[in-house]
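Okay, got some structures for you below.
Okay, so subunit A shows up in both of these, paired with subunit B first and subunit C after.
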Partner chain A sequence: MPSTSFERRRRRAGLLFVAPAAIVLLAILAYPIVESFILSTQSVRLVAGGVTKEWNSFGNYIRLAGDETFRRAVVNTVFFSFGEVALVVSISLAVALLLNHPLGRWGFFRIMLVIPWAIAPVANAVLWKWILNSNYGILNGLLKSLGLIEYYQVWLARPWSAFGFLLFIDVWKSVPFIALLLLAGLQRVPSSLYKAAYMDGAGRWQAFRHVTLPTMRGALAIAVVLQTIWSLRVFEIIFVLTRGGPADATVLMNFLAYRVTFNFLDIGYGAAIANIIFALTFLLAITYVWLMQPRKRRVSS
Partner chain B sequence: MSFASARGRGRGFRLLVVVGLILFVVWSAAPILWLIVSSLMQQQALIVQPPDFSPSNFTLENFTEVILSAASLGRGILNSFIVALFSTAVALVIGAPAAYALARLAVPRANALAFLVLATQMLPGIAIAIPLFLVISRLGLIDNVLALGMVYLSFNLPIVIWILRGFFLAIPEGIEKAAAVDGAGVVGTFLHIVLPISIPPLGAAAVFAFVEAWNEFFFALILTRQDAQTVPLVIAQFAGQYQTLFGQMMAAATISIAPVIALAIIFRNQIVRGFADGMMKG
Partner chain C sequence: MSLKLTRRNALTGAAALGAASLLPNGFSRPAAAEDTTLGVFGPLPPDPAPPGAAKFAGAEFDAWKAANGADVTYDLVAWPQLHDRMATAFASGSAPWDVMYNCGWVPEFESFLLPFVDDLPKELVDDMPGSSFSTVTWNGKSYGAIFTLSLLTLFYNKEHLDEAGLGAPPKDWDEFLRYTKELTRDGRYGFVSNYGEPAGIGGTASYWMAFLQQAGGTMYAEDGSPAFNTEAGVAALQMMIDLQEAGTDPGSISYVGINDATNVLLSGRASMMMNWPFMWKPAQDPKGSQIVGKLAASVLPAGPAGTASIDGTDAWTIGKSTKDAEKARKLIEFYLDPVIQKKQALDTGWLPIRLSVLNDPDVQAAMPLAKVVLDQAQHPYDSFVTPDYNEISQAVGTEVQKALQGQKTAAEAIAEAESLASAIIARRG
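Right after this comes the complex of A and B.
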């Protein structure tokens, strides 16, 4: 039958089409993941131009359990991720609702959304370093002229204010993309649902509560999971603004893994921390895939 | 009746929306505006409080100074262009056929593979950075532009595949069937029929990949030393070394973000449709 040879030909071509991408992804991603697990069971030393590895079983992981700095980094990461995700998703939802309103459809607003998205995280960090500068920064000047502070503050020298500003800066950078995501979701809510709700005498709040939120549940869940994954990767702002200080107040797990590996050259131990982050991300990625499944089944059935 | 009352409440609501939109613009624009304004101001006008905004204090000096004095910036921009173009181009060339195969060519377990591809995009950099660093230094390729480009390929490829797969899934199947009846092979159909109608999503994928590679910092920090340094590294270093020359710091940052901001503005609609939408489609 011609259709089976057609199908067979397509399948053979398909494998050919996928092969180069599969090889690249396997080489650059799969190999390092496996190697990273092996490294984490070793104690690795850099000595005079070479690397020595010694089997250490689960020594690195056991060490993690008793490591005060690691515990600190975990607590910081939990606070940071929860705060970041809550703020990003709620601000993004507000922005998406605004831009979905007829008054917000002007192209200029879209531009205002994609510019912060496109800015390099490093440029963003450097900009805020200048804004927060204790002697000449615009924030101190502004707050003092408004009478909100009496003396210029060294914002990044105190643990809570440093942590809070990093959180704020990261939220600022992360909002645009999630807002775009939610905007795409909002535009799929059938307008007939709103019409029906208004016909039934629903007010705006009720329409939001009973039409928008239920239909957006999937999009919001996806936004939460994606943003949680991305919150575990925050690096540039810490590197440029605080280097983890003051007193490790801004050390997140990702930064700790970097510092342990590339500053302290404790490679096996760093790999163990990296693997914990990997495991967390992996669980979140599975959640993401799972969230996308029911939607697909609904479409196909 | 209910319509009338809704309209009556409408005026207050419109005001709320307008205030919200103004707040949104201020929130998005204020930091960037300050970045650009301070890059155009002389040092002595910046270090007084409040800053002296008189027109005579505006100058292009910071830009000329940075371009002339910091040779690393020019090299960084060149490296960033090479790395971003390389990883974007290769990702398109090998990602487009893969996306097509996963969408259309009856590859076994195509959906599972597609999700696996998306999951790799979510991988935290640190999870692969350590082994990659060891391998690349063993090969003597630390501080090599193309080695960095290969690493960027690994996260640009999933982006490209995911965006394009969503688009290919939506192409009506009749087009390919008709081509097959006319005797076109799979490769011919893909090259001469599918690709030409896929220019907009290819553009969206390219812009997205280019911006990601241009802005990437973490791997550039680990895998380069001097010759292969990209713009983000130069900016971070600059901010560490010359942290009192605020205007120049901002001028360097402005130069570094200009190309990607231009791309983002030009292709804003494709970004919205191509990627944001694709992240939510199964």
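Right after this comes the complex of A and C.
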């Protein structure tokens, strides 16, 4: 509590300096969030040359519970996120370990690694659309020339196959960033710890398990949280490759929110779906911020 | 007076130029009192773009602008973005366009559009198929003018049919199935389609709607409730399932756009497809087609109730917020002028809507399918557009996809589609 007039003036000046940034943040962050929540509690229709809004007592959220497509989108999203996080983090860790090896420190490898991440999202989706094409796709041509398949396959025709390929494509795109993130974490592990471990007779696996992993716990946690947030936002590959099909097999929550809002013009209901995604993302963001906080060291008495 | 290039002169000149550019209209010619700028929102070529945007009738367009004291600015986007861009603009209350392209969305955007068809010249209206106003009419008012006769017809590879000893295109469902089976050979398929996108005109639901009418069914009863859970509705879907088993390219379920499927036919990897007239021109271009001179078209094979199709409903409409409704209407009349319509057909491949131009010998010689599409237009071609067309076609198309994948029988899928459509209509209120 400010006890002197100097402290009060200092605090007031601080508030004045912070105010412009706070107003901008409120305008560009808080207002859309509040507006979106209000929309999600209304029936919003485009009639009479304008938008009419009518309070519907959280009817949109109640409708979500009985909506089979939404339930499917939730299940798909959960599977997609778990699969993506598990694959991206484990592959990225392996890639980071390789790049941290003296042989892998050649800059060429890092440039190659970054390419999938650097490709624009829609271009990436179109690229894979052609790779997977059932008539001209290079994947079919390659597998057939290797004698692994007899006939060209329609990779995006079956629900699980389509879902699996979307997952694979997003993993392919996501690995580079997470690998670089983990590589930075790896490079912060003091080499003295490895020396001490080897002197104590630890093998490579034991050094990895008891030195590398515990030291990288923070980086790994951040990678998991960030990748989970990103997996909730996947859109382009679904829009370009499958449009949520076949038979809604690849509809994720984010794509459903778009479809309901812009294709069906059911703006209130679309906002309800978007708010569910927002709530999930917000929780993950809090986790991320918590993980990023510097830890206080325990002082033993 | 001599002009020396000095620093002072250069600075004075630059200041004068800057001041002049700040004046209203900058360096442009002085505006006449009656000058108007019309904003047009539409699709980018190769979709049906208007003159000045697509490369045809440029001189006529300039002449029209000069004669009418109007400038025209185009805001064109790729076709798949049109609906969502318009919806967003309307919802935000900032749709800045006078003339807008619409495709099956007239009932949905009705309250933002101006009915103007009654003011069109009689000779123009009389020169268009009567049914061409059905998809742009809602609640008894007509909001648009169709500018291209775009109906689904059957396209086929003559060479493939000849090789299989099939002289003429299939005339009915039985022949359609038999042809598909017989043409599935030598590493190619008898039929190809784009079943990957369930919704919208040209999506999976649309194909089923064409079969539905061929089977003698309809989408809605007089009171607007769904009326397709009938023998005809199930038969239409069963026909699609049978066609799938007879030899439809299995990749069809993964093709989310018409171009994906079109490419398969143009590469000679399939023998037949249901497609829109736009296909004719690219099929004759050796740069992208391996079937130059081999393509032919016919009316869609008849079901129990005869042949039937759906139309693309490509229409020009006028926004309610237009500042000059009369000039906007005149611009649409210009797009529908016989000279422009003929150039549209010959230069872009999009058929005219005017009957006189469709019957023009030059048009028929350059585009033999004009006659086929005219024949197809003699039969029913309802696209069943409603204010919730996207949502209903998404629901129906998804159920059709489930049946095509064997997840449901035709009867189960149609029953579920009807239940979903009823719920959507009930929400409309």
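One rule holds in what follows: the second predicted complex is superposed on the first by the 267 of 301 C-alpha atoms of A that agree within 3 Å, B and C clash if a C-alpha of one lies under 4 Å from a C-alpha of the other, contacts with A are read in each partner's own complex, and residues count from 1 in each chain.
The rule is short, and it goes like this: a residue touches a chain if its C-beta (ideal position, glycine included) is under 8 Å from a C-beta of that chain, and two chains touch if they have at least 3 such contacts.
Worth saying up front: this structure is predicted, and the values here are computed from it rather than measured.
When the two complexes are overlaid on their common chain A, residue A:75 makes contact with neither subunit B nor subunit C. When the shared chain is aligned, no partner comes close enough to touch A:149: not subunit B, not subunit C.
By the touch criterion defined above, A:196 lies against neither subunit B nor subunit C after alignment on the C-alpha atoms of chain A.
By the touch criterion defined above, A:119 lies against subunit B but remains apart from subunit C after alignment on the C-alpha atoms of chain A.
When the two complexes are overlaid on their common chain A, residue A:248 makes contact with subunit C while staying clear of subunit B. Considering which of subunit B and subunit C touches more of subunit A, the answer is B.
By the touch criterion defined above, A:98 lies against subunit B but remains apart from subunit C after alignment on the C-alpha atoms of chain A.
When both complexes are overlaid on chain A, the residue A:265 reaches subunit C alone and has no touch with subunit B.
When the two complexes are overlaid on their common chain A, residue A:133 makes contact with subunit B and with subunit C alike. When both complexes are overlaid on chain A, the residue A:86 reaches neither subunit B nor subunit C. Taken together, the two structures place residues 51, 133, 135-136, 240, 262, 267 of subunit A in contact with subunit B in one case and with subunit C in the other. Within the complex formed with subunit B, the subunit A residues making contact are 6-7, 9-11, 13-15, 17-18, 20-22, 24-25, 28-29, 31-33, 35-36, 39, 51, 94-95, 98-99, 101, 103-104, 107, 109-131, 133, 135-136, 138, 140-141, 144-145, 172, 176-177, 180-181, 183-185, 198-199, 201, 203-204, 218-219, 222, 226, 229, 232-233, 235-236, 239-240, 254, 257-258, 261-262, 267, 270-271, 273-275, 277-278, 281-282, 284-286, 288-289, 292-293, 295-296, 299. Only residues 83-84, 87-88, 90-91, 93, 108-109, 111-112, 195-199, 249-251, 253-254, 256, 260, 263-264, 267, 269, 320-321, 388, 390-391, 394, 398, 401-402, 405, 407 of subunit C touch subunit A when the two sit together in their complex. Note for the complex: subunit B touches subunit A at residues 2-3, 6, 9, 13-14, 17-18, 20-21, 24-25, 27-29, 31-32, 34-35, 38, 46-47, 49-51, 94-95, 97-98, 100-102, 104-108, 113, 115, 117-120, 122-135, 150-151, 153-154, 157-158, 161, 180, 185-187, 190, 211, 214-215, 217-218, 221-222, 231-233, 235-236, 238-239, 243, 246, 249-250, 253, 256-257, 260-261, 263-265, 268-269, 271-273, 275-277, 279-282.
Those residues of subunit A that touch subunit C in the complex are listed here as 46-51, 132-136, 154-159, 162, 240-243, 245-248, 259, 262-267.
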